[in-house]
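Would you mind keeping the following structure in view while I ask a few things?
Read from first to last, the chains carry the letters A, B and C; within each, the first residue is number 1.
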Amino acid sequence: MYQFTIEAIASYFGKLPLAIAHTLELSILTILLGLVLGIGGALCRTSRAPVLRLLGRVYVELLRNLPLLIVIYLVYFGLAQLGLRIGNFESALIALTLNTGAYMTEVLRGGLAAIDRGQYLAARAQAMSTVQVYRYVVFPQMFRIIYAPLGNLFISVVLGSSLASVIGVEDVMTWVHIVGNESFRYLEAFLVGGAVYVSLAQLINLSRLLVGRALLRHQAPGARA
Amino acid sequence: MSAVLTFWPAIVKATLTTLWISWLALVLGGIVGAVIGHARLSRRRVLRWSAVAYTELFRSIPPLLLFAGCYYGLAYTLEIRLSPFAAATLALTLVASSLMSEVVRAAIESVGRGQRLAALASAMRPLQVMRYVVWPQAVRVMVPAATGVYITTLKDSSVASVIGYLELTRTTLLVRETTGKSFEALLIAALIYLALTYAISWLGALVERKFHFVH
Amino acid sequence: MRLRHFGRLLSAGLAFVLLAALGAAPAAAQDQTSILNQVLKRGTVRIATQPGNPPYSSMTPSGEPEGFDIEIGKLIAAALKVKPEWVTVDTPGRITALQTHRADLTISNFTNNTERSTVVAFTRPYLVVGSKVMVLKDSKLQTIDDVNDSAVKIGISRGGTSEQNAIRIAPKATIVRFDMVQDATLALKSGQVDVQVMDSLLNASILAKDNGASFRNIPGNYSYEEIAIGLPAGDFDWWRVIDGFVRQFVNSGDDAKLFKKYFGYDMPPIR
């Protein structure tokens, strides 16, 4: 029977915080850049120019239907063959951002679509500039709608970042592999790694709920969940 | 490009493999998911909370970790020896089941409670209620969501490449070695994945329409 | 009423899942009889191999494995009068497959070292290899001291001896771990890593195919590794049979002949 001993891998715990830091670094950067991409995508999809609309649609369809692993390999190895060499962290970031941006686009688009166009027109009729309309009328309401999906997206990014390990990014998943290979204690390594990811995911969930409750306190009930 | 294409038998085999384990995962995951979905709606708190815990757990674990855990982890402890195929299918099933449990739950809830109560009042046994009243309507609601789950499973199957299972991604990566052409090989894999997901969406829409006709 | 309903559904579901799980795994009773008997009774010998490392093992267009390792496997199967069944694994999977009895043998450029011997068994070697450090032809790195620098990125395939060798050779360098050996080579070719530490024979094959176009080695051989067939630990009978095969294979010169056929040059002597 297998002897389950956490002590066997205790010597590796020292390297875990750095791995977690890398995972978080990758995830946070991805979310921020993905947000930018998502805004661009959402604007494209709701634009009046058919070319932009098509571009947006193609982008979303493409990146939502391709497995993330393929995108990572394409960015790191595929582009390198064409002469464009990108480092492993950067490739993972690009691949994750492209992927996240597609989902982000849809979330933002859904949020935008939920705001009745009448409000927009009414605000414009009050001589508000477009920027003001978005800032005071559209975004506050949109925020409430997209808040929960955004939280979930953040979690998927953290989980998806584990794929960066296949091109050698030193995140938690790589830590799990190193520990398992050197100590042959695969199970302990997986459980610890799993615990880290589950904790990160649940922490994000929790913060989302708490922050949401605070931010959206003044809004109509039913906004948080 | 042609160098990569000479490997087409291997690629076709890999594509079929990918479709097959995703399908298996969907079906098995659907069954398990249905059980969990029902448990989620139970009146007993224990069942409800277990269901929530299960769903939350498998939505908080990266697929990569799950695959590796099913292959290496399980083998070392419970001495459950799984081939890469079985490990990949198990991991995919676990993911699919947690997704499907939400789908089933939403579908059952979408069928008005009144119908269930009315049927019960008509002296139908609970199982009959499920079978004749709730499920036929629930299944129709589930089809679009289930299509989404199948596509997600298909995409996640690419992660099985990391435990050495010869599905589409792994095979593609191996094909590179003789040809040295990363970009072409990956491009072909990407195109195949896109074709598969489109076909599935299209089929899903077809099935949906068929259901509506019957209604 | 609802409780009964759920209870039934739940237990049915659980039973199904359990059955499926058990069905996927061979019966535990298999442990008890010797591997040799199982193999003979089953009529197949399950050999774990890692395609993607030509000429040791690569994949044909139809998806079947072929190569030096594969030929050895076929010879063993023929000698036992059974059919070979190939189990594809990745580098760490070679060990797992044996530990979990998912494979009867591992023939996959598998180094026999003491660490691994604590969990799996090895035959005597059929090959001896070393470790080479490969860089791009026009790389600025000339010696190991150049490589042992924190700015240098070494690409390796994880889970194998290259990983340990690289850490030993250049402890200050940054190790980039890839899933497969060819990933590391491709990364070196495009300059995404600066160095690749790899098996000397794989290295020789790559350099031969490359013909001086892109790669060169930093001089020196950095390890002594005995390549042997891996077996599940604890079964002496099985070891006796397979080790016996390897002894004859090497002494009769068949090993050298097969090597020449796949690698194109004379096999380095096995001391």
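Points worth noting:
Everything below uses one rule, namely that contacts are C-beta pairs under 8 Å (C-beta built on N, C-alpha and C of every residue); 3 or more make two chains touch, one makes a residue touch a chain.
Treat the numbers as computed from the prediction; the structure is a model and nothing was measured.
More C-beta pairs in contact connect the chains of B-C than those of the other pair, out of B-C and A-C.
Innermost chain of the displayed assembly, by C-alpha centre distance to the whole-protein C-alpha centre, is B. Of all chains, A has its CA centroid at the greatest distance from the CA centroid of chain C. Distance from the chain A centre to the chain B centre is 22 Å, each centre being the mean of its Cα atoms.
Computed from the mean C-alpha positions, the centre of chain B lies at a distance of 32 Å from the centre of chain C.
Our note on geometry: chain A versus chain C, Cα centroid distance of 36 Å, whole angstroms. Contacts with at least two other chains are made by residues 92, 96, 179, 183, 186 of chain C.
Counting only residues that touch two or more partner chains, chain B has 72, 76, 79, 161-162, 173, 176, 182.
Within chain A, the positions touching two or more other chains are listed as 77, 80-81, 165-166, 177, 180, 186. Contact residues of chain A toward chain B in the complex are 2, 4, 62, 65-70, 73-74, 77-82, 155, 159-163, 165-166, 173, 176-177, 180, 186-187, 190-191, 193-194, 197-198, 201-202. Residues of chain C that touch chain A in their complex: 92, 95-96, 118-119, 155, 158-159, 163, 175-179, 183, 186-187, 189-192. For chain C in complex with chain B, the touching residues are 1-6, 8-10, 12-14, 16-17, 20-21, 24-26, 28, 50-52, 54, 58-63, 87-90, 92-93, 96, 99-102, 179-180, 182-183, 186.
Of all the residues in chain B, the ones that touch chain A in their complex are 56-57, 59-65, 68-69, 72-73, 76-77, 79, 151, 154-159, 161-162, 169, 173, 176, 181-183, 186-187, 189-190, 193-194, 197-198. For chain B in complex with chain C, the touching residues are 6-10, 13-14, 28, 31-32, 34-35, 38-39, 42-44, 47, 71-72, 75-76, 79-84, 86, 89-90, 125-127, 130, 161-166, 171, 173-178, 180, 182.
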